[in-house]
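Each structure below is given as structure tokens.
The following pair of complexes shares a single chain, subunit A, combined with subunit B in the former and subunit C in the latter.
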Partner chain A sequence: MLPRPLLLLLAALLLSPLAQADPGLVLVVNARSGVDRLTLDDAVNIFMGRYRQLPSGLAALPIDQPENQPEKARFYRLLVHKDLAEINAYWARLIFSGKTSPPHQAKSSAEILDLLARQPGAIAYLERSQVDSRFRIVLELER
Partner chain B sequence: MNGKNKMKQGHHLLTALALALSMAAVNPAGAADQSQEDVAGHRLSLHGFGTLGLARSDDDDAQFVRDLSQPSGLTSRWSTKVDSMIGLQAGYRFNDKLEGVLQVVSRYHSEGNFSPEVSWAFLRYDPDPTASVRIGRLGTEFYMLADSRLVGYANLTVRPPPDYFGPLVLSYIDGIDGAKSVPVGNGLLRGKLFTGVSPEKMSLSDGLYWNMSGSLVVGGHLDYLTGPWQIRIGQTRVRFDKDLPINEYTGLDITGQVPEMSVVGKWTRYDSLGVVYDNSPFQLQLMLSRIDQGSAAFEDSRAGYAIASYRTGNVTPFLGYSRTKSDANHFNSTPPLEQATAAFLSASTHSDQHTWFLGARWDLRKDLDLKAQVDWVRGSPGSVFPFRAETPSWDGHMTVFSLALDYVF
Partner chain C sequence: MQKFGRHSILVRSAAVLIASFLVAGAVSIAATIVVTGQRQHRAAVEHLGQLLDTVESTVSVACFVKDAKLADEVAQGLLKNKEVLSVAIRADGVDLARSTLPGRLPGEAAGNTQLTRDVRSPFANGKTIGRIQLTANAEVIRHTIRDEVRFVILQIAGQLALVALTVVAVMLVFIVRPIKAMSDGLHRMDATKGERLAVPQRHANSEIGRLVLDINTLAGNLVDALSQERTLRQEKEVDERKYHSIFENAETGIFVVAPDGILTSWNPAFALLMHIPPYEAYRGNLNIRQLPWENASRITELTLHCWLNNVGLADDLTVRLRDGYWRWLHVVLTPVGENQLQGVVHDVTEHKEAEALAKQLAVTDKLTGVTNRLGLEEKLQRLLSDPLIAQTGGFTLIMLDLDNFKRINEGFGLPIGDVILKDATARLSNCIKASDFIARLAGDRFVLTLESLTGSDDVDHIAERLMQSIRKPFYVDGSPVAIHASLGIVVSPKDGADVPDLLRNLELALDRAKAQGGNGYVFFDNTLAKTAEKRQHLENDLRRAMREHEFQLYFQPIIDLAGNRLAGAEALIRWPHPERGMVPPDAFIPLAEEIGLIDEIGLWTLEAACAKLAQWQREGIDRYISVNVSARQIPDGLPAVILSEIIEHHGIDPARLALEITEGVLMVDVNKALTWLDAVRARGFRIFLDDFGTGYSSLSYLKRFPIDSLKIDKSFVHDMSEDSSDRALIEAVIAMARSLGMKVIAEGVETAEQLSLLRGMNCHYGQGYLFSKAVPSEQFEAAASRINELLGHTPGAA
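The block that comes next holds the complex of A and B.
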């Protein structure tokens, strides 16, 4: 049996061409949020406004990528297999019945990184290349 | 406390809320903590929704209405009346726990016109992310999806199935509700309780109104959400405060001679079960309900519907089936004239029909859709409650053609 780091390296090498073809997205939180992992169900609950409490007890502050960025449409496809018109219809129901609000709509990628760095409860989806040491990846969304 | 005082109280509450909202709008800086302001973005939000509907039936022997708040409905001529509406909503976020919302809707309703109504006006307090309390004017949620039944863009069909949602004439209450969510297993359990007083009136045929103001509404429901499933059971009870205007209408002392025709102080119970399976691109909705009337003025009824849809690109075709049936009341009291009249009036709330409907929603943009739908109503000639202005030759069969353009902003 190969040692674990080697196995991981092997897996990374094997998967890397695939990952480059479709890099997927990663869900990240502030490194101080006290959260290590989230399940897909947790992510759905937070971004669809069903349950916005992180496992550490902090209030989750979900952030959406700018409307015109392809990441937003890709994220909701990966998360709930819905396109943005369906997501808008979903939020129309909740907004006009006075329930929860949609995720904070960021105006730029810089704004997302800034909020993630400053707000302990902030949670956002990014390209893996955008992640730095201030953030922690809690879920990987692959096709 | 009588109904008038309750209504007055409701007005005061609304005035206070409107005042709070407008003051908040004038002074948006407030004393907010900086970090929250960044995340909340604009503290004042403005949204709107609307539908431009065009529909007609193939039958002038009864008029098709969207729900029983509408005093008249469709004939065989194209009309924009039953489905067109516009709603405007302003929200103001005081801080991350407190928000105020005001919504005004203009649609064809019990007044026989499009005069705007305040459909929501409440303060919402979220003590933590899993709980919320709202006080003020609140949309009623007798059944699943009922509190958003006017928002065409949020719904798949041109209108919520009238066989099921038609008898819901109470669209808002002045009161309070509270909701709480708890994770259970892989899913989420959500409970909600609400109570309040109705400020509304219902249009009956022949230009008569039933003043429902002062009616007490108490209800709640329990949801379980897991993966693509959402399941809800709910119950709402209504205790009406004022009688139907049947004595004025008939010139007889019906409620005196046939006391079971009186609705005052009696509880009507609405039980419901709803299931939504949303595994995009496939979606299924299934709802069942039972209305147990406290009075013989209305027949007890059961209703249900199912809608299946499959999204292909921007177009989502759907197929649905709805059914409603009520049970005739029997009167044994004397005198015979009042008894016969009571039986006649009660039978005017009879429904026994099913509807097949087929259509498609086309998402033109992310804030605009176009829908086309055909409804085939098949019922007995005695199925008159869901309609307006039936003639003696009404046979219970009708086809309805509908187009709708829905938007949000």
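The block that comes next holds the complex of A and C.
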């Protein structure tokens, strides 16, 4: 058992503004997309190729983080509890038929932000810290 | 012979075997079809499941993104399996893929096994997003089943062939061949020669072996039965030959008659008896009724009874033969089976005639030719049971007895007696009507039966006539002999209800007529019966008295008048009857004489008297005793030898015993009486003649008979005081006796005057109430003392 002063210290640390500033993935869309909230299912359907349309009727443009960005693996883990190999295998089967395709693979974080800003139907996952007023958070994946 | 025909065990067994295998095979195939079908179905379902498993993730992806192409690829992949007929994949109500094996219609799928599975999202939420349906290819399953069935059929056929061959072989070896061998053996075997079946090898203990033994036993029994049958048949043939010989040669008539009365056979003797041709010569049917029976219905009745009851019967029948004479035939009918009766017929004519003659003789009196007692009794029986006789007032019977006929027989001899009896019979027969009836019972006793008589006048008339006819003299060698008869008469029904009654009452009436002196007739009346009854009672009492020692002996003193002393006593029997009191000897001695009891009574008297004498002798008293002897006792009832024995037994002097006889003794048979008297006197006994003066009192008798003393009857003594003739008579008797060397005893001395008169006549002894009445033995000495006083003695000085 820790001594009382140490426990008090730990509690102070957890409640401090530093903790709120930790990175947390959120799903964001263009602020003009007309979408305020998305459910996790909506997110899965859009990113896994079931639908490519936002609830507002806009064609959805899902965007993946670059392959080497840890956010991508984190995102799919949070979204469908699968690792990237599995995600890749999934898409491998679908690519052949051509009916649908995987989300757009961005080459950099900048491209993501750019597409988000330009394309009204764009939808992507970002660190909370990367979000600004152009974008609207429709789903918080981590809290 | 077919070796293995349709009915051979082998063929039948094989057929049954095959049939059962076919049934078993069919069942087995059906089972195989069902079981294999089910198994194949289950396998198909399982296989389809496995196939679905392999494509599950791909289908789920396809459905997730509704990728028809991917789905079609999956479907095409599945159809590569031959078990799959068609595949359908749907997602969100839309067909993604629907494929069927090429060349097969999708509709075929209906009815085949289908497997449907939900398709779930490939992602975590697991929501159902579509459905996949597989239809199994039934053709494949059917193929598999067909293969299996074919195998099963082959297997069963192989087994059947093997088992059938085995069974046929086993049956051939173990059953068919032994049976065939037995059958062949039986065909060759001659059981009567003792041949028997051999037990097939290795079958000693099997069913076949036992069957052979059973057959051999049966053969043995059959041979035995046949041999017995043969023996019986031979015996029967011998019997038949014997019977035939008897039948042909018997003197007895034999016939056989069928139920319709037709004679089916008769022997020569029967033909002779019946005066018919021999059976062999007779043409046509002869019915038993056509024989010359006097009473044909009787023979019909006999044969019917014999048939109906199946019993033998016999009867005597008469036949009237053609030449007009009668024969008696004894016919015995016996059932001999098959409804035939055998009759045996004897000629019994002679026997019958002899029988009739004997019967006639039995009721006829040989001497006179009239009916005898037996015939009379039969006749009376008929009269009594004839209702007509009873209505017309009954009938009258007269019993007639010739008086003193015994003397005729004794005097002239039996032949003369018989002539007189015949004559008498003829005379009596003439006195009665032809319808009346005369019978001779015995000796000179006749009974006449008079019918249709009413008044007693008629009877009186006939009775007189009968007596008159007997009273006419009979002539013996030219000399007339006078005979008369006594008659007793009874009238039926008043004088007796039955034959014995009537005859007894007849005798009572006749006895009364005789008792009245004969030569008269007496009608029976009830007083006769009552008298007879009283007599019967007395007789019974008398016999009882003898048996029960009721008699007593009294003694009346006899006084020596010259010696003036008590000389002895007369023994007198007394009978104190238990009901009637003292019965005097007069009332019972005659009856005792009549019924023959007198000998016994006489001996008892003698014994008692001798006992008294012995007592006196022991006491030194010198007295004698006289005992009365009945005429009936002489000579056989009291022989001299017996007298001596009694005397010797008591050890007394015979001279002290005197025997008192009456003149009657001397009257019956002089010679016998004399012989007895001589014998008795020779033994030292004395003889007194009792009641002298009352009977014939023939002086010549007195002279001829050796008598010691006379006893003058009390009637003379009683009257002697007044009647001088009596006195003279007594005096004469005393004088006569004295001259013959006899003593005289006066009886009934009652007065002193009589005593003094008798003394004056020099009478030797006296006896009477003057001295003493008869007293019992124990009172005698008291009486003796009184007499001594009377005679002037001092007591005890005698």
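To be clear about the criterion, the second predicted complex is superposed on the first by the 118 of 143 C-alpha atoms of A that agree within 3 Å, B and C clash if a C-alpha of one lies under 4 Å from a C-alpha of the other, contacts with A are read in each partner's own complex, and residues count from 1 in each chain.
One rule holds for everything that comes next: a contact is a pair of C-beta atoms (placed from the backbone, for glycine too) under 8 Å apart; a residue touches a chain by one contact, two chains touch by 3 or more.
What you are looking at is a predicted structure, and each value in this text was computed from that prediction instead of being measured.
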item	value
Partner chain in contact with A:Val80 - subunit B first, subunit C second, else both or neither	both
In the superposition, subunit B vs subunit C on subunit A residues touched	B
Touching partner for A:Arg118 - first (subunit B), second (subunit C), both, neither	first
Contacts of A:Tyr90 with subunit B and subunit C, given as first, second, both or neither	both
Touching partner for A:Ala59 - first (subunit B), second (subunit C), both, neither	first
Contacts of A:Gly98 with subunit B and subunit C, given as first, second, both or neither	both
Interface residues of subunit A shared between complexes with subunit B and subunit C	41, 50, 80-82, 90, 93, 96-98
Contacting residues of subunit C [partner subunit A, same complex]	58, 61, 64-70, 73, 122-125
Subunit A residues within the subunit C interface of the complex	41, 44, 48-50, 80-82, 90, 93-94, 96-100
Of all residues in subunit B, those that touch subunit A in their complex	35, 38-41, 47, 49, 87, 89, 96, 101, 103, 120, 122, 124, 128-130, 134, 138-139, 141, 145, 147-148, 150-151, 153-155, 181, 183, 186-188, 190, 225, 227, 279-281, 311, 314, 363, 365-367, 369, 408
Touch list for subunit A against partner subunit B, complex	41, 45, 50-53, 59-61, 80-82, 84-86, 88-90, 92-93, 95-98, 104-105, 115, 118-119, 122
